[in-house]
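Each of the two complexes below includes chain A, the first together with chain B, the second together with chain C.
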Partner chain A sequence: MDGLFAVLIYTGVLVGFVITNLILTHIIGPTKKTAVKQMPYESGMDPVGDARQPFDVKFYLVAILFLIFDVELLFMYPWAVAAYKGDGGVPAELSSTVYGVMLVFFGTLAIAYIYAWRKGVFKWR
Partner chain B sequence: MSWEFFLVTLITIGVAFGGLMGTIAYLILVERRLAAFIQDRYGPNRVGWAGLLQPIADGAKFLLKEDVIPGYVNKTLYILGPSIAVFTAMAGFAIVPFGPVDQAPSWMRFVIAPDVNIGMIYIFCVGSLGVYGVILGGWASNNKYSSLGSMRASAQVVSYEIPLGMSIIGVVLMTSSLSLNDILMHQAKFGILGWNVWTQPLALLIFFVSALAETNRLPFDLSECEQELVGGFHTEYSSMKFALYFLGEYAHIITVCFLTAILFFGGWQFPLIAEADSAYLGATLVKVVVLLTKVLLIILLIMFIRWTIPRFRFDQLMNLAWLGLIPMAALNILVVMTAKQFDWPIWTLPLGSLAIFVAAGLIGTSGKFIVSDQTVDFGESPEGYAHVHS
Partner chain C sequence: MSQPDAAMISSVTSAAGKVIPELVLLGTVCINFLVGPFLVTPSGRALPGLRHRWGGIAIAAICTALYLWWTGSTEVVTTGPFRVDNIVWYVRGVMLIAALLLVLVNWSQIEDGKAAESHACLLAITAGVNLVALANDLTTLFLALELISIPTYLFLFLPRKDAATQEAGVKYFLLSVFSSAIMLYGFSLIYGMAGTTDLPAIQTALANSNQTPVLAILGMVFVVAGLAFRLTAVPFHFYAPDVFQGSAASGAALLSFVPKLAGFIALIRLLEPVVDAAPGLLLADVMLPMLWWLSVITMFVGNFLGILQNDLRRMLAYSGVAHVGYMLVGLNVGHHTTSVPDGIEALLFYLAVYGLMTIGAFAVLIAAERDNKPLETLDQLAGLHRVRPGLALMLMVFMFSLAGMPPTAGFLAKLNLFFAAWAQGDVSNRWLALFMVINAAMGSWYYLRVVGAMYLREPLDEHHGSHAPAPIIASVACTAMVITLFFVPTWLWTMVQTVRSS
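Here is the complex of A and B:
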């Protein structure tokens, strides 16, 4: 647990650093608000409409795919550590079972991947 | 928790944090001089001797300039954006060993958080959080360039997260540990031939490419490409908040280079001068220098790549991740686990990597699978090609 305690201290230092920086620049720097400076930057044109418009559904698809693959990755980490560790890992008599299970796992993953591909999720137009 | 541990931790944090800051400041100078050299111009050479004081001048200027917060932004999120970006990038460094951990002097350690056995998972957790800094900053700015930039960045970072994590699995299978120091020691035991780069060349390639994309470096910096999006997600940021984004980016690069050096190039291990059992006077220092040299070389490589390779198109970028890197990484895991399961000799691993690489190249260039999928048809959308192609 020592290690995580050190992470906690480090986190505190970082938060302090960020806050100090933000406050320092706020105090030291000049503040002169003008109407033009307060406008959103749009290459010198007067801004047209709001920037928060609906965007392409592709981004949602990528986010969902990411979720699937990331969860699958999280499953792989403990397996990768334990699979060939020897002592304290997967026992020798279970080794081939685990190997078979992982093959099935990769197979289902491949099916999901091919399905997404044929559905055209990876197409960017 | 003893006071001694607390004190040693504070000293280590001081050394690491100071070193990180100084390195970032001078890396920016090095990058600017390098860019100038490659583009046949001078670069910053006025402040101090040959521009050596430039980082200090830059820092002072960042503090002294006006901190503009435009009127249309969501103020809380606008301030939170760069804070999260720099915080997550720096926090990742907590478990990275920057020297031989078990030979450290008594008053400091060579890693901020010792014995964290989930090392790699911690780095990926914190690294994934980094995307929030970009999304929040871009969305809160309420600026069209920023919005487009942050959307691109989120899709890109999220996509490249997967090959990045997958490429590590092969290395973890080889060493059966997630702790960076264990992985390092596992390689150091066998000398230069034990480096993971020999057994996992494909994993190194995937890791490095994904890391470039994760850090938004140039061949993949679609989120802030100047020609289309002005500044991308940090268009509306000024003074210190802008600097925080940059600090974050460079801290991310340094962490990634440390990871590459430790995971694939044996960390502080080098033949003859820095072996696992070398115990001559000053061996610790030599090991630190060797590790830092490796890291610096990788950073220089990244910089050369930035000023050499032109930017990708966005569909190419996404295809590279989803149709290229992810299947390759999965196949690489399959090869490594099969080799481990059936005790294949060690030389089958690089051969497997090579086979996957060549097969992927052949399939990719044959034009049967990817290119035919990518017919660009502008006629479909009602507004024609004038609508925003994100």
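Here is the complex of A and C:
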């Protein structure tokens, strides 16, 4: 249970940090009340009015590209952690196979990247 | 963590060697995506005739895969992420030949600037279907199914830019994502019950559990529902007519066969271990009645609504729904006893024949297109035998085959399913066989209406359609095979039987 106790402390610190910060900003932060600042925050959209506003498709492309490379990074974490750990990680017989798999993965992503670049996805038009 | 044994390690290191035909296809996909955009200007303009080159490359890749499939080893391997057995061998053959036909069907439907992507999607879908058959693990199975659906969205979207195509693409995208989520939820429940994603290990876990596997039942219901979307089985069929109507004829041809093939193979793969492991348990008592109802409702709804259609592609969509109902009969009676003919054998035979006749029918519709606008209503086929007698004859063969009339392979395929259901001997399956006969009669109404329009009515105008060779080659090949399979069906039937004996 020792490991779980550390998690408990971590959770306590985390919640305490958020609450302390919320209180501190109210006490020592500057308070200039303008109309824009009093609006509920909705990721830069106007919270009042018709929700069916046209939304530029460029944002979706950027979001999708971000997701692809974000997931790529997530996929690298377990590999990087386990591949060279030795005991308890990827067994020695498999390490070259796993390395090859990662190369194929990067290669495929590189092709996708070149495709996206050539199709002008990175241009903010 | 326990040290993995040598068998597990070799199953991982040898995995790539089991999927060489698929690697060829996926390698070509990479080449298409890498080179394709460099041959097109940023505004999307390309050299005229570029699509012939990409089509040729796709054909070459598929032929290489066919050669590797034919000369490859047939050794049965049942461990590891991929399972190589005779079902894999059969599905590879059927899908690669269907892919050849689909490349020809797609040939003239795509602009030069988009041909690389379109053919790449087709090759990726082909590899995906083969990987569904190869999957020996829930994870592999899910990834293979996604390898089919994601390129399918693009394939539906690429040919045309009008609002109807976009609506069809978005509709298919949303429903396909939804069905994948349902299926994944089912997988997670099965994983929760068995503690593993390996299919043979799931079978062992089910056979060894001494209480009712409630989680597995629930999981399987979700999985069947998710796959029923791909099969367009009622009540998950509602998107099919709209999507078929909106997309280009090549997209409709793909949708009418490929997701159904993948869905049925996935169902065979999943149901066999699960139902066989616990035949007396509630699992079989729940799953088989569910499939029984799914089959009956699908047949009747598909045929009733098919009769009401005037749009050709909507009619073929409902025809597909009805045929899924017939094929579900095979799945339903496949798990009972070892009678001859076996339900799964009849289903596999039917799948191959259905692919030929439905892709062939769409190929004819493409060949009869006017000014690159797809045929819509039945009236546009009126008097086709006057202007294009060859096309009319071929479409008649496909319609007879879909209706199940001799001398076409569709007749034998239906006969096999009927005998498979009848030979089981219990009352519910004999009802199934009877419902099938009633539905075949109902279905012939709308197939014969097409034949009637072509032969008994006068042409509305003197339009000769296109003379692009690719769809005509595809439809001639399909006609030849549909008729040959009626007179010499034994070779295919022997193949199907070796599939089951493994």
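Please note the rule applied: the second predicted complex is superposed on the first by the 68 of 125 C-alpha atoms of A that agree within 3 Å, B and C clash if a C-alpha of one lies under 4 Å from a C-alpha of the other, contacts with A are read in each partner's own complex, and residues count from 1 in each chain.
By our rule, a contact is a pair of C-beta atoms (placed from the backbone, for glycine too) under 8 Å apart; a residue touches a chain by one contact, two chains touch by 3 or more.
A quick note: this is a predicted structure, and the numbers were derived from the prediction, not measured.
With both structures placed on the common chain, the touch criterion links A:Y84 to chain B but leaves chain C unconnected. Which of chain B and chain C touches more residues of chain A: that partner is B.
Contact with neither chain B nor chain C is seen for A:F75 once the two complexes are overlaid on the shared chain. Once the two complexes are overlaid on the shared chain, A:E42 sits against chain B while remaining clear of chain C. Within the superposed three-chain model, A:Y113 lies in touch with chain B and out of touch with chain C [touch as defined at top]. In the superposed model, A:T97 makes contact with chain C only, not with chain B.
With the contact threshold set out at the top, residues 120 of chain A are in contact with chain B in one structure and with chain C in the other. Looking at the complex, you find that chain A touches chain C at residues 88, 91, 93-94, 97, 107-108, 111-112, 114-115, 118-120. Residues of chain B that touch chain A in their complex: 1, 5-6, 9-10, 12-13, 17, 62-68, 70-72, 79, 83, 86-87, 90-91, 94-95, 112-116, 120-122, 139, 141-147, 151, 154-155, 158-159, 161-162, 165-166, 169, 172-173, 176-178, 230, 235-236, 239-241, 243-244, 314-315, 318-319, 322-323, 326-327, 330, 333-334, 337, 340-341, 373-374, 376-377, 380, 389-390.
On the chain A side of its complex with chain B, the touching residues are 2-7, 9-11, 13-15, 17-19, 21-22, 24-26, 28-32, 37-43, 47, 50-53, 55-56, 58-59, 62-63, 65-66, 69-70, 73, 76-77, 80-86, 89, 95-96, 99, 102, 106, 109-110, 113, 117, 120, 122-125. Residues 1, 3-4, 9, 12-13, 30, 33-34, 36-38, 42 of chain C are the ones that touch chain A when the two sit in their complex.
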